[in-house]
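Pasting a structure here, questions to come.
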Amino acid sequence: MRAPASDLPLLLDDVSLRAGATTILDRLSLTIGPGAPTLIVGPNGAGKTSLLRLCMGLEAPSSGRISWGGRSNSAMARRAILFQRPVMLRRRAAANVAYALAQAGIPRKLRASRVAALLERVGLSDLARRPARRLSGGEQQRLALARALARDPEILLLDEPTANLDPAATRSVEEIVLSAARSGIKIVMASHDLGQVRRLAGDVVFLVRGALCERSRAEDFLDHPATPEAAAFLRGDLVI
Amino acid sequence: MADHLSAWQLILSGDAALFAIVRLSLAVSLSAVVLAALIGMPLGALLGLTRFPGRSVLVVLLNALMGLPPVVVGLAVYLLLSRSGPLGALGILFTPTAMVIAQTILIVPIIAAPTRQTVEDLWVEYRDELTAMDVSPAGRMTTLLWDARFSLLTALLAGFGRAAAEVGAVMIVGGNIDGFTRTMTTAVALETSKGNLPLAMGLGLILVVIVLAINAAAWGTRVWSERQAG
Amino acid sequence: MPNRRLCFALALCLGPLASHAPAMAQDRSIVVASTTSTQDSGLFGYLLPIFKARTNIDVKVIAQGTGQALDTARRGDADVVFVHARAQEEKFLAEGFGVKRYDVMYNDFVLIGPKGDSAGVKGRDIETALKAIQALGAPFVSRGDRSGTHSAELALWKQAGIDIAAVKGPWYREIGQGMGAALNTAAAMNGYTLSDRGTWISFRNRGDLEISVEGDKRLFNQYGVMLVNPAKYPSVKRELGQTFVDWLISPEGQAAIAGYKIDGQQLFFPNADRKGA
């Protein structure tokens, strides 16, 4: 059996995204390759969510090209995305994960053991039989992670997953993300939290008003920003 | 059924004719609900998830058909199933089967229209997740229908209520034949026309109590199910 | 698991219907289109078990007005018709829808009216009574449904020299329903109506009504039975239907008809002569 083709490097070439008269992303050119997590930062409205959705393939750019591993129409099979507010299916936690496995084509016989393994990985084994909608915010986000990991993705995209969580829950989620990164999954994560950037990032993509402002390694971005907007952002000023 | 006994006495004495009538009413209406759900839910879900020219016309039509008069449906089905009609060779006029068919037609819109709205609303919420999980179009339908099951239960109960309560359709296509196609509602109509008003009222109350019991059972099922799976 | 629960619910719903299937498998049954007067008076409830015990044939009665019953047969949806409007029956025969007509039984019509007798018709003959009702505009309920009773009523107006279609006013209420419904309506509005005696005797919601006119020779009400012509509709159950017709006019069937009583009163009087009319 041929090994499935890789979705990396993820290449955006002069990509723009427009909605009516508004430009959400403006001639973005970006390459995301394998390795340490890439964190996407920028002020609200900078286009982080839209960038992630384009990378996942949920939307098509208005102009420009996206390619995954050199292919411009790649199926989503090897990618997974986590939204800021995950939607839980109205069934038990374990059933949610089983659902994701089923959609990923895993045969029924293998699902039970994988569900258990995934729940273990995200620390939800004790809550397997709890209705998913009755989990706390942090638990739901971890369950969403389990669902995403069920797809055995090559790229895991996350859209500010800890924005609404308390520090303890944030830490659990970050631990799972880091362990996923260590196991070889490419993490592409939007974040609003500079501390999180420091904890997780390998490299940083800094967006302002839909355009790529700066792209560098995490330490360089945080300690020696190259652009005035980046410096202002790091200081905590409003970057308009 | 002994005319001179009150409805209560008939229940307590276990009157066979009364129980046969109750059984038939439930059998016909419940069967109609099941069939209408099998037709109406996928139909509603499909309409809720797809976009095509003329779709709004179909949506409006489906909503309007919820108000189909039972007697009109009965007449139409009668003309279809009559020996001198197109499906006469089936020979199912004046049988419970014909009654089920008529009631199914009557309640498909009552189930399909709310299903369409519910699925359409739910899709707004679920769209990103289901697309990101690469769910097929058929998969989307079944997933949304299952996740919306508590709301859809109300649509099913509305359909059942309509079927159990109507008399026009089953009277025309069933013929109110004693011991064969007589239901609670046609029995009430008959006893009324015989002047047995207390008995007719009693039968009517029995029907109301049964429908109430079924609704209570559905409620209980929902509560239990929510506790299990949220 | 969604699937298991769904199947269970399905079985629960369809179970009761399945119990009806065996009944349809061995199908010794016929459909008889008859009148509301034979149903509402309880005659069939009495007769049919006797017939079934004798022949093991299920008789399924569709009770409609005479006109509607004959139309049902014209559409091929009945095997036998058992009605009471001679003129309409003859027309049915002439059109070729019936095989042969037999007299079965008779009773009479009665004019029902309020005890207060606002039109002053009690004890009179039917012609005088109808003239009085029309002249005074006393409330009158008509079946209005082409039934045997309705046909008789229209014939009686004509015999009284009244062109009812021309002179009917708000006092003349055509309800388009069966005898029981007509009696209910008459009871509710304290009005007059023509009824067959059988339905009146078994009717329970009399309110303030009583028999105003009876015994007039013109109120004679004859019932006839016909097998629907299999030449028109091969689906007609010829043998079973003929068995029913034969039984009705046989000494046994005729005795059974005579045996039906309510409160000691006989409702229908057998008068078959076996030769066919």
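As written, the chains take the letters A, B and C, and residue 1 is the first residue of each chain.
By our rule, a residue touches a chain if its C-beta (ideal position, glycine included) is under 8 Å from a C-beta of that chain, and two chains touch if they have at least 3 such contacts.
On a predicted model such as this, the values are computed, not experimentally measured, just so you know.
Colleague: When you draw the chains as points and link the ones that touch, which shape shows up: line, ring, star, complete, or other?
Modeller: Its topology is that of a line.
Colleague: Using each chain's Cα centroid, which is most distant from the centroid of chain C?
Modeller: It is A whose centre lies farthest from that of chain C.
Colleague: Once you find the CA centre of chain A and the CA centre of chain B, what distance in Å lies between them?
Modeller: 47
Colleague: Once you find the CA centre of chain B and the CA centre of chain C, what distance in Å lies between them?
Modeller: Chain centres of chain B and chain C, defined by C-alpha means, are spaced 32 Å apart.
Colleague: Just curious, how far off is chain C from chain A if you go by their C-alpha centres, in Å?
Modeller: 79
Colleague: For chain C, give me the residues that contact two or more of the other chains.
Modeller: Touching at least two other chains: none.
Colleague: Among all residues of chain B, which ones touch two or more of the remaining chains?
Modeller: In chain B, the residues touching two or more other chains are 146.
Colleague: Taking the touch rule as given, give the residues of chain B at its contact with chain C in the complex, in rising order.
Modeller: Those residues of chain B that touch chain C are 3, 23-24, 26-28, 30-31, 33-34, 82-85, 88-89, 91, 93-96, 100, 146, 175-181, 190, 192-197.
Colleague: Any idea which chain B residues touch chain A in the complex?
Modeller: Within the complex, chain B touches chain A at residues 125-126, 128-129, 131-135, 139, 143, 146-147, 149-150, 226-230.
Colleague: If we count contacts the way the header does, which residues on chain C are in touch with chain B in the complex?
Modeller: 2, 10, 12-14, 16-17, 19-20, 23-24, 31, 36, 39-40, 42, 44-45, 48, 58, 60-63, 74-77, 177-181, 183-184, 187, 202-206, 233, 235
Colleague: Mind listing the chain A positions that touch chain B in their complex?
Modeller: It comes out as residues 56, 58, 75-77, 80-81, 83, 86-87, 89-92, 95, 99-100, 103-104, 130-134, 147, 151.
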